[in-house]
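Consider the two complexes below, in which chain A is the common component and chain B and chain C are the respective partners.
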Partner chain A sequence: MTGSSASSRKVLSKIATNRLQKELVEWQVNPPSGFLHKVTDNLQRWVIEVYGAQGTIYAGEKYQLQVDFPEHYPMEAPQVIFLHPAPLHPHIYSNGHICLDILYDSWSPAMTVSSICISILSMLSSSTVKERPEDNDRYVKNCRNGRSPKETRWWFHDDKV
Partner chain B sequence: MVCETNIQQIPSEESSKKCHPDIPLMVALEKVKSKVNTISEDDEDICPICLEEYTSENPRIVTKCSHHYHLSCIYEWNERSETCPVCSKAPDYDDEPKWYLVGVVLTNRFTSMLQL
Partner chain C sequence: MYNPKALCSAPWARRFGFAGWGELPWATKTTELALSSSFSRAVYSQIEEIGWEHLVKVAEDLSFVTFRVIDKKERVHELEILLDKSYPNCPPSVSADVPYIFDLEWSTNSRLSDVVKQFRQHLEKLQQFWSTLEEIDQSLWISDSAQLHRATPYRHINIGNDCSVILLIHASDPRSLPECHFMGSDEQVNLLRDKWRRNCKRWTKDKLFTENLANVLEVDLPGPPGIEKNDQQIECGICYSQFLPIDDELGGESGGKTDYTCENSTCSKAFHSVCLRDWLRSITTTRQSFDVLFGNCPYCSDPVAVKIGTRT
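Up next, the complex of A and B:
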């Protein structure tokens, strides 16, 4: 579930490397609240701890996000998934894939890892129920060959959660 | 209601793009003079795409919606999407050019002359 396609991904371009180094410095100076990035030598894959916000149904819980950057980041969106176990949420599948438009069709190169994290925490915090998407089993079954969520054609028609 | 998913390859983007007709430089300058003065003060020295500073060799350009980028950065993004990365506004395909260098209007013809 860690995205086999990521391992076969090409190395980062010079532009992508420069931008990620700047994002890394900015993160260390000004990390988004509720997140901890375990810095490694691998600039192309970030593993970030997410802490459920106080006053929400995820308070006191800790999850892990895995962010894989494509060769042409930020012109192309990173692949962002939750590592097992993924939080129970109406837009998060049990394989860690996240139904969030900014990760796919609505990606913009002006977004950053930090802004993605804030959007994901906002999505978690606005949920009032801990449950999987209605089509979880069908979707996860279709992903068993290691398909990236970026290859999914997503339909976004719920912006309440 | 949850997100429904339909597993299939995303169809490739339309390769054809609408044209932005060139207009005379001075006419365009008059049209946008006020817009150039409304650039946001936030992070004005940094391109929000590459996070690098503007230089004389790689200067700032301003979109019709008053957002600034390196020309090369916004040009590369516009090959993928016509929307502004900051405000998501799509061009309205009127008779104005898409980008403005500070003090200079970049028509499509001019940008192609830059061989970007």
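Up next, the complex of A and C:
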């Protein structure tokens, strides 16, 4: 569904490759709990399984995150989306796009794939309702051409959920 | 050290004559203002010439102005210039965190920019002094390091065996044999003094300061207590590598080590200035003034300043 823009991606720069290799090693030594990343040859796209935390409304559920790295990572944020089916959550659109500031405006090279995953899990865990964002249909319609969430001008919702 | 908020609001407000509501009533001030207006105009236009973005502080009555000046090694300095009403007929007095101040060359045609220019030349002369002190601070065990300023020409160095030495480094000739004062038990101190007397001719300016010191004292000097931590800090907080890739595009910085450290002592994250520059360039909140980018440390958000363009 999403990710058609991925085909036109440029190869990773040397700096991006070095850094991702180090992040990958760190992930293998010290993976964030609740996540499983099966390492493949593809350094530029990681597919990570997310397990809903115990005691939350997503307990026992399993989702998949797709993380695509830009040529100049970490100067630019990676593109992070949920693969179908995306969890029902007030900040997650049905096309898998996630409304989370650190993936866009608030990204900093001090963050890592691992820290993003932890933020996403904490976003899931703090939700009390399983529902889509109010503007889901309109937003998803606008993204039909396979637009990346990084091209969206996000208006960040509250930070309660 | 410098406060970016002060840069945005205060100087501009004052530039447009807003003196604060506390100054009312206006009438009593008018005559005084008229008298000082030619002085104020001169000072404002001279600040303008240097650039408002370099201004850190300015007194409401313009009795002093403080500018930020960045040296070759990207150390940030503040230059305070005291002006009295006879300015520019009398030279202003200057102060800064430097081991010794320069003699200001002044004529009635001189301007604030001449002061900044002479300060820059002075900083240039002090580069070796600061590099020597940085070498000492990075590789030796310094006591009271928290109280050190850029002006401080001495270091209290722990040399093991419950002994220490205070070294006074000559600011104008930092690589030369320093003056020393040993502290510890009498017995140990006498031994050290003997060694110093015997070996001090081994001190040569072409060797590193710390190397000379170890040669003269004939000991392995202990490193800073947090040295294990330092090992990790050497990696760049952005690219995670100790060395930049070998790449023609990087020019002289190809394969280089980390050369920038966040000045916030609780952060002290190391970066390649190339990486920090690339990051600052990729976000919209970064400000640029001449060839310096001003932004925030990606880790602690404290202000950072990094020069653009390749350095020699």
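Convention: the second predicted complex is superposed on the first by the 159 of 161 C-alpha atoms of A that agree within 3 Å, B and C clash if a C-alpha of one lies under 4 Å from a C-alpha of the other, contacts with A are read in each partner's own complex, and residues count from 1 in each chain.
In this section, contacts are C-beta pairs under 8 Å (C-beta built on N, C-alpha and C of every residue); 3 or more make two chains touch, one makes a residue touch a chain.
All values reported here derive from a predicted model rather than from experimental measurement.
Considered on the superposed chain A, chain B and chain C are sterically incompatible, since they clash.
Of the two partner chains, chain B and chain C are each touched by A:110.
Counted by residues of chain A touched, the larger count belongs to B, out of chain B and chain C. Of the two partner chains placed around the shared chain by superposition, chain B and chain C are both touched by A:74.
With both structures placed on the common chain, the touch criterion links A:18 to chain B and to chain C. Shared-chain residue A:84: touches no atom of chain B or chain C. Look at A:154: by the touch rule set out above, it reaches chain B but stays clear of chain C.
Counting contacts as defined above, chain A residues 15, 18-19, 22-23, 74-76, 108-110 meet chain B in one complex and chain C in the other. For chain A in complex with chain B, the touching residues are 15, 18-19, 22-23, 26, 74-76, 90-91, 99, 106, 108-110, 133-135, 139, 142-143, 147, 151-158.
Taken in their complex, chain B has these residues touching chain A: 1-10, 48-52, 73, 76-77, 80, 83, 85-86, 88. Taken together, the chain A residues at the contact with chain C in this complex read 14-15, 18-19, 22-23, 72, 74-76, 108-110.
Listed in rising order, the residues of chain C touching chain A in the complex are 237-241, 244-245, 247, 275, 278-279, 282, 298-299.
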